[in-house]
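What follows is chain A paired twice: with chain B in the first complex and chain C in the second.
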Partner chain A sequence: MSQQYVLKKENFNNFVEKVMADYDFIAPVKAKKNILRSKSLYQKISNPEDIFLDDHSYHTVKGFFNDPREKLFDFDGNKIINPVIELRQRVFFGLRKCDLNGIWHQDMVFLDNKHQCDPFYKARRDVSVLIGLHCNNGFEHCFCNSLDLRSDFHDLMFFDKNNDFIIEVGSDKGRKIIEIASDFLEQGDNLLTEEDRKIKNMGHELKTTNIKKFYHHEDWKTKGADKCLACGACNMLCPNCHCFTIEDDVDFSLKKGTRIRKPAPCQLKHFTRVAGDHIFRQDKTARFKHRIYHQLQYFQDRHDVQFCTGCGRCIAGCPARIDWIEIINNME
Partner chain B sequence: MTEEKKETTETGKPKVAFHDITGCQGCVLSVIFNEDELLDIINAVDIKEFRFIMGEKYDGPLDICFIEGAVVNKEDEEMVKKLRERSKVVVALGACATHGNIPSLKNWADPKNLERLQYQKKHEQMIDVPNPMPITKFIKVEYSLPGCPPDRDEIKKFVKEILLGKQFYSYPDPVCRECRLFENGCLLDEGKVCLGPITRGGCRAVCCHNGFECYGCRGITDDAQFEEYFKLMEEKGIDATTVKKHMETFAGVEINEALEKIQEGKWAKLH
Partner chain C sequence: MTTKQQLISESPYKPVLAKITEYVRETHDSFTIKLDWKIHHQPGQFVFCSLPGIGEAPISICSHSDEYIELNIREVGNVTKKLGQLKVGDELLVRGPYGRAYPMRDFEGNNIIIIGGGCGVAPLKGSIEFIEQYRNKFRDVSLFFGFRTPDDTLFRKRMDVWKEKFNMHVSFDKVAEPSKACYDGSQGFVTQKVNELVGDNTNTVVFICGPPIMIEKTSEILLNKGFKEEQIFVSAERLMYCGMGKCGRCMIHGRYTCLDGAVFRYDELKDYKDD
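Showing the complex of A and B:
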């Protein structure tokens, strides 16, 4: 049984400020300053009042682990100069179950990979402490109850119970935070009922994750791809999507430069362009299906874990609101 | 590309000229806006003619000729044709040269309005011009650097890739890709007619990032989903004529051609 602590809500800001002294504090905030019409996103904060917990964030946290312009190395002729990533220890607060599972899936790809561990991802991941926040209620497009997700992947987990936060410790990294902020915490035991661990009132339900038999179903086209604008928003907002492309950027000496890694969305036509200008997935339906099948089937076939974390961001962020959950639910 | 490379080695540096026909000169200006690297550009290539920064005239052969502006009269047409003959590689620089841009708005304006807006009678000869069109309609261009104005980093990237003897690919993906990367919300959700999903990006979504909807100045992607876009707008209660007006602002020539081919040209006819 993991240890539990109680943090009174009135002490929450003190807790955050205490942690902030030793760590960079990253939490969901409502709008980026001086940028119009932004939705909630993860940002480094300096004022606990900025934290926004009413909804799960519109944008994901994945950019903090895989930089959108990750510098792989500098080159000077044939000489390679490896970058040094120096980051302050940082805390992520307010990660929901879907975010945490998303990070776990990224770990599988970039960290626990049998063949190679990605040093850039590792450097960012090593300095990160993950503090989760349990959703008592689901949100409009969520469906994580329909999926088999881990609920023990966190360093600390916050449960919002009446006037308190009940904190569950998941790792040594988390225990360190508890030690730092011990002034505001009281130790407890068995403070959570089964009911507290559930997520209620979920907006959506996915009836089946076994979609192998639907591969040739025409609804993929008529209800899905025919509405798709091929903008790639679903990929960019997904906590799991991690595909990337690599570009070289040279200076005018034409010898010195940088190699950069950028995220690449699979819903765009040029995602599958190869040498000779051949494009494998020209067809929009094929692209649409590929994303859904990767989320629900291909990753599972390979790692025995469901990839999709049921956050519904791809539906909430889609300009055309293509609800692929409904598409699958109505398939026979 | 081998051809250019050979030429580069013979002369040391490729001979380059920046020319402009009818336009606002903003595109050649965005070349100069690369202040930090302008000297690098000048050192890397042999600039023969560039009336913004030098007085010399030159009428010999060119390796790379950048042309800004739309063709709006006979002189423009003759000029681009002559430049084409002199140049190995012609680059259409900016939205006027690549897509017709604002000058081409005349093509779908009501003729009655045009009469009213014409100059005084003494200038009548100047008004009698063909419909403004991008230079791509008159001559073959090897490369296009679209945008109003074109992205100054893309101009630098283009020069470097040419010097390296590489094939230059302009950014193929929609504006939305970069827009979401910068963690913006979606302007379509705000009820704006944002052309992001059908417009070629590479501009770092500069308009949307600052809260202004995309007007499609970089032209359409080769994967533009017009039918889906019109359908979505209809669902949002925005009629096709309004959407079409947005589309025609910058890349009207190209978009109308694309619309001719779908739905029996029903949207192409809207004006």
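Showing the complex of A and C:
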């Protein structure tokens, strides 16, 4: 039985300020009007009043773990200069179940010791404390109840219950936060019912995750790819998508420069372009299917874990409003 | 609270320097370099070559020795064109080896048929050298090579040696009249030779590497002749950046070309060649 604590909502700001003294505090804030349709996004905050928990954040936190322009190393001619990265102890607050599972999936890819652990991701991950926030109600595009997700991957988990937050401890990193803010916390036992752990009123439902038999279905083209603008928004908003490009940036001397790594969206045509201008997934349908099959089948086949976390951000952020859940639900 | 500066000195993306000890121009658009880089590798694996400021490219190893590495490179992209301008004594950055190799040990006591088309002959050269080193472990070895024209022939000197050791058949898609180069082979596609000469499939494995259309047609012919899908090994080519299953670029229907390939058994890929 994991330990449980009670934090009165009136003490929440004190809790945040206490933690902020020792950590960078990253939490969802409301975006300025007319940007992102007033949705929330994760930012480092300096005032607890800024925290906005009423919505599902538009962006995920993956940019905090993999820099959008990660410096792999500098070079001067053929000489390689090791990179230095700046790290600060930090707390992520308000991560939903989908965000936490997304981070776990990234861990599986980047911290995989069998195929070489990524030192950049590891360094950033080591200084991060993950504090989750349980969703009592789902949001418009969510469908995580249709998927098999972990609910024990967190350092601390907050449950919003009436006038209190019930906190569950998931790891030693989380216990340290509890110690820091112990003035505002009361220990408790069996404070959560089965009902409290459920997510109700989910906007969406995915009827099946077994889509192997639909691979040659024509709906992928007619209902999906024909509408798709191949913009890659779904890739950028997805908590799982981790594909990247490595390229060299040089200065004017053409001798010195940096080898950088940056995210690459599989919906773009050049994603599979090789020298000689051959493009393997030339067809938009193939690219559209690639993303969905990676989410629901390929990762499952390799790791026996469901990749898609059901956050629905790819649907919420799609400029063509393609609802691939509906496409699958209507397939026979 | 302070900001900590962490030096990343160990990184799988960090290449090492290697020096070019030999440079052979094979054809108008391809060349072979030998590097003084000592790594243990298996036939069918590949390495990343890079030039700072230009970029990185995956290149298959075309030799089999723990003392050096040979790479046959065709000048088609930014990196390979620049690599072609290097000369003996120049240095380049390398990392590897990556990829799943041909399971050569499993084939001991078998007949081996090796079919290569164009620059697809290069990755196969590693396995041929392996067979040369352990010749008594394998039975009949046949080589089928196809090139566009006699001028496009790779590894001319080695071909002369292989001709003595193995059943070798070379064919050229087009033979210009009169040809500038001396050639020893027949006119036509490599598939025609395979169709003509390959017969029995007992205790035989086939390696195929070349352009996708050639791999497809050759496998079709072999399957029609009664070869099983498990007897055919093909090489896949995809764009890749990391070589360790992270960048996601080389995925073919859920399989990473860098981890699960570049050598695949035919049945692993057959339905998804275009993905």
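Convention: the second predicted complex is superposed on the first by the 323 of 332 C-alpha atoms of A that agree within 3 Å, B and C clash if a C-alpha of one lies under 4 Å from a C-alpha of the other, contacts with A are read in each partner's own complex, and residues count from 1 in each chain.
Simple rule for what comes next: a residue touches a chain if its C-beta (ideal position, glycine included) is under 8 Å from a C-beta of that chain, and two chains touch if they have at least 3 such contacts.
Quick caveat: nothing in here was measured; it's all calculated off a predicted structure.
Taken together through their common chain A, the two structures put chain B and chain C side by side without a clash. In the superposed model, A:184 lies in contact with neither chain B nor chain C. Within the superposed three-chain model, A:263 lies in touch with chain B and out of touch with chain C [touch as defined at top]. Rounded to the nearest 10, the angle at the Cα centre of chain A between chain B and chain C in the chain-A superposition is 70°. Applying the stated contact rule after C-alpha superposition, one finds that A:39 touches chain B and leaves chain C untouched.
Applying the stated contact rule after C-alpha superposition, one finds that A:52 touches neither chain B nor chain C. Touch criterion met: A:297 reaches chain C, while chain B stays clear of it.
Using the contact criterion defined above for the overlaid structures, shared-chain residue A:250 touches chain B and also reaches chain C.
Within the superposed three-chain model, A:12 lies out of touch with both chain B and chain C [touch as defined at top]. Judged by the touch definition given at the top, the superposed model places A:227 against chain B, while chain C stays out of reach. In the superposed model, more residues of chain A are touched by C than by the other of chain B and chain C. Smallest inter-chain Cα distance, chain B versus chain C, after superposition on the shared chain: 6 Å.
On chain A, the surface patch touched by chain B in one complex and by chain C in the other comprises residues 250, 254, 273. Partner chain A is touched in their complex by these residues of chain C: 1-15, 17, 52-57, 76-80, 91-93, 237-239, 241-242, 244-249, 251, 253-254, 259, 274-275. Within the complex formed with chain A, the residues of chain B that make contact are 37, 40-41, 43-44, 157, 160, 163-164, 172-174, 176-177, 180-181, 183-190, 196-198, 209-211, 221-223, 225, 228-229, 231-232. Against chain C, in their complex, chain A makes its touches with residues 21-24, 72-73, 75, 77-78, 80, 82-89, 109-110, 112, 115-120, 123, 127, 242-248, 250, 254-255, 257, 259, 261, 264, 266, 271-276, 280-281, 286, 290, 293-294, 297-299, 301-302.
Residues 32, 35-39, 41, 58-59, 63, 68, 226-233, 236-237, 249-252, 254, 263, 265, 268-270, 273, 284, 317, 319-320 of chain A are the ones touching chain B in the complex.
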